[in-house]
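Quick notes on the structure that follows.
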Amino acid sequence: MRNRRWLGLAVGAALVAGACTGGPGGTPAPSLQTEIGEGEGELNLVIWAGYAERGEVDPNFDWVTPFEEETGCKVNATAMTDSNNGVSLMQSGDYDGISASGDATTRLIAGGIVAPVNTALLSNYANVFEGLKNLPHNTVDGVNYGVPHGRGPNLLMYNTEVVTEEPTSWTPVWDGTYGGKVSVYDSSIYIADAALHLMTTKPDLGITNPYQLNEEQFNEAIALLEAQRDAGALYWGTYADQIASYTAGDVVIGTSWQFQVNLMQADNQPIAGVLPEEGSTGWSDTWMIAKNAKHPNCMYLWMNHMMSAEANGQATVWFGEAPTSPQACEYAESISPGHCELTHANDEAYYDKIWYWSTPQADCADADDATTCKDQDDWVEAWTTLRGA
Amino acid sequence: MVESRGARIALRIATVLVLGFLYLPILVLAIYAFNESRIQAWPPVGFTLRWFGEAASNPAVARAVTNSLVAGAFATLVALVLGTLAALAVQRYEFFGRQTISFFLVLPIALPGVVTGIALRTSFVTLGIDFGLLTIVIGHATFCVVIVYNNVIARLRRLPRSPEEASADLGADGFTTFRRITLPAMRTALLSGGLLAFALSFDEIIVTNFTAGAGTQTIPMWILTAIQRPNELPVVNVVALVLVVVSVVPVWLAQRITGGEAAGVTR
Amino acid sequence: MTAPPVATSDAAPVAAGLGRRLARRLHPRRRLQVAMLLAGPVGWLVIAYLGALFILLLNAFWEKDAFTGRVEPFAWSLNAFEDLIGNEVYRTITVRTLGMAVLVTATDALLAFPIAYYMARIASPRMRNLLVIAVLMPLWAAYLVKVYAWRTILQGNGLVEWVLSPFGISGPGLDELMNSWLVLSYLWLPYMILPIYAGLERIPTSLLEASADLGAGAATTFRRVILPLVFPALVAGSIFTFSLTLGDYITPDLVSDAKFIGNVIYDNSSLGNLPLAAAFSLLPMGIMTVYLLLARRLGAFESL
């Protein structure tokens, strides 16, 4: 017995020693890649569901197979449920790249999980709309950490047979009109949607940024969410989950993406999506490369591919988001006329009403030192408490 | 018979009801496997065989089946070796810590899989071990050991020592006695333990969700991702139905082998 | 160096000589034999399993950066534990999960007993074999698919709704905690049936006859003869129903939208708060260790 205990301690010590030397961040980071070499034959991606289609759902939408044939990089894509999940997956070191939203990008950069991108190596980068380049969520001190994929708002999705008049505001999602038949995104980032609603209903709270909330503003948002939960709202983590609950009639109204609206309408379901007058939260997605990626060449080839006219055009039409370049717009228009207008691809004024997902920070991400806000940990904990009770 | 007639009728009815309960969702999934619509509403809309065709021609399914078979085979092999060694030690020898060994062997299967899963995943990340078939096999083998162990030890308990003693008297050394007397006698336990371990590995999702990497999918992992894509749902039903039907063979085989002996640990 | 106990059947004379000499050397050294036998399994267990648990345990005491989510190795802190104790929701979730585990175990015991009794003592040998196969078969239908099938049965446009709507009752929908009770009881039922069946089979008929001869009715025989004899098997089965319910994170999420212990651990590990997940996993580990020790005392390990 004594022998075994000693053995256990020795093994534990060895493992702990291994922890110091191995793992992400342990080895020195590679400097900026200077050339794209041969593809390594495989590519592991963390994606938003629907970002890497290979024609299984609709044979007209396949931008993965042409990539695989051209580069020999076999694509393995894992869908993340929300940005927190995406960051965690990237921390495992098992993935080469991620299509990160703004609330993940800053954390990935600060955590040293992603490497800067040498955009000079990407021939398609020059085409990207200027308004999408060098934004704070993917560029730090002039160093570029990713290439844009697309952006869009979170929409109010509703069952047209039950909600007979098109809603003009988010209010029906919050005020209990539809009881428990509300579909809510199961992520801590949704607290911002509550805050957004408070910006119109309780302007005295003084919320200027739904992601940076002080104690009082935060508590009001949580109270709103608790009421919604107590009415019996259903929470969705995957788009399939949400689609199933709408189809089954378990929910009739809620927050969603154009993606689900498109899929359900293609299935002849009585569903529509609308952007209410108050605006909405939204996201702007960036392809990023992992710092110790096992297949960096394939990742660079993928990033270039996803900025090409066909790939970006198909992907953004499929998901229902805004393309990133005039060429992609042109292609998108050819398969879905009016797409660029509809998604306001080059309309920066439109996106002023959209609050991109960002990470809550203790310093409120502003110049004023005096202000303190609830940080990412507080948001996640509040969400856990909300969902667990 | 000790039981009254009334009791026997009541028990027969109870058995039928419980069996009905056990097979209700399987029946439902079988029906949906032939359902015309992708949407799984009740009642089903029409009859079609096209999902079977789609499942058969789906390369991801084929890869997942291969991975599951390979991972299961290796995990079972490791479990057979380690489980037999442990069972022999505990059953045939007296030593300090005997009780503790069997306690620790049960731990991987008794502690919730989610804990085993994140423990293994954290360790792999910390030690820089790449995710893939290796990590899957490590996870599966760890809780499959106890299944083989239980089967073998139960068998060893019932084995008379006299043939082994006779073998020793006739001049055979320890290894020969094991190889020619003990091992053949344990064969049924090894087979049933191995089959159960394989079954466990084949259907495992809770731990595999943590230990598989991006590039390797077993059947349960494929099902998990497919369930999240509404268009793949009918194919999932087909795959599950085929699994149930195909598995009649090994289950029936295991039952024949144990020949009425009480079934060991099944998970 | 360590010769495997199973030599090849067509070993050359030299190797056979080696084998015999090794066997002769080992024969008196019983402790060395045990050590060699146990080296593999114990080594594996300690390194692959206990080692992994140890690393997880370490993470529970390490600091996590609030912004990036990175765990700082050796930055000792009790933050995770403070969070767990300070926030009431974790107590709520624990009580909910424990309650569900007890409920599921009791339900499965009740459901399993009649069929196990029928299989063990009333069915003909052929029927018995068929029934064992019939009980084992659902275990081969993928866990996920069974849960999802239940989801389609319970959801708004599913079987239950279709059956109940002519009577004006609406189905449970997917927000019901009791959905989890139903599905979890369903999933682990075979794990309860088989040990109880094995336990009942071992009871000699003579005991039951003697009890009847002494004038005991069915209820008394059950209470005073059968139940005590089959109790270890019941406990053995309950290890699975209890443990599997304690750690499940997939079923509660798919059919009931509620959060259990398994969900807290899974969510925190997949959402980047590993120290919290690690700290919280000490709870089910502790509960099951105590449960196992109790079960061992009650003789359940013989019935596994």
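The chains carry the letters A, B and C, assigned in the order they are written, with residues numbered from 1 in each.
Here is the rule we use: contacts are C-beta pairs under 8 Å (C-beta built on N, C-alpha and C of every residue); 3 or more make two chains touch, one makes a residue touch a chain.
Just so you know, these numbers come straight off a predicted model, no measurement behind them.
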Let me check something: if the centre of a chain is the mean of its CA atoms, which chain is farthest from subunit B? A
Pair of chains joined by more contacts [C-beta pairs], B-C or A-B: B-C
Subunit A and subunit B, separation of their C-alpha mean positions in angstrom: 37
Roughly how many whole angstrom separate the Cα centroids of subunit B and subunit C? 13
Considering subunit A alone, which of its residues make contact with at least two other chains? 4, 15, 19, 91, 244, 247-248
Return the residues of subunit C touching two or more other chains; collapse runs of consecutive numbers into ranges. 42, 50-51, 55, 157-158, 269
Spell out, as numbers or ranges, the residues of subunit B touching 2 or more other chains. 40-41, 121, 123, 126, 227, 233
In the complex, subunit B residues that touch subunit A: 38-41, 96-97, 100, 121, 123, 125-128, 130-131, 213-215, 225, 227-233
Parts of subunit A lying in touch with subunit B, wherever the complex brings them together: 1, 4, 15, 18-19, 22-24, 26, 42, 44-45, 49, 56-57, 76-79, 91-95, 238-241, 243-244, 247-248, 263, 267, 294
Touching residues (chain side subunit B, partner subunit C) in the complex: 1-4, 7-8, 10-12, 14-15, 18-19, 21-26, 28-29, 32, 40-43, 78, 81-83, 85-86, 88-89, 93, 95, 99, 101-108, 110-116, 118-123, 126, 138, 141-142, 145, 149-150, 173-176, 178-179, 183, 199, 202-203, 205-206, 210, 219-220, 223-224, 227, 233, 236-237, 239-240, 243-244, 247-248, 251-252, 254-255, 260, 262-267
In the complex, subunit C residues that touch subunit A: 42, 46-47, 50-51, 54-55, 58, 65-70, 73, 83, 87-90, 92-93, 151, 155-158, 173-175, 253, 257, 259, 263-264, 267-273
Contact set on subunit C toward subunit B in their complex: 3, 5-7, 9, 19-20, 22-24, 26-27, 30-31, 33-34, 37-38, 40-42, 44-45, 48-53, 55-56, 59, 111-112, 114-115, 117-119, 121-122, 125, 128-129, 131-146, 148-150, 152-153, 157-159, 161-162, 186, 189-191, 193-194, 197-198, 201-202, 205, 208-209, 212, 218, 221, 239-240, 243-244, 246-250, 261-262, 265-266, 269, 274, 277-278, 281, 284-285, 288-289, 291-293, 296, 301, 304
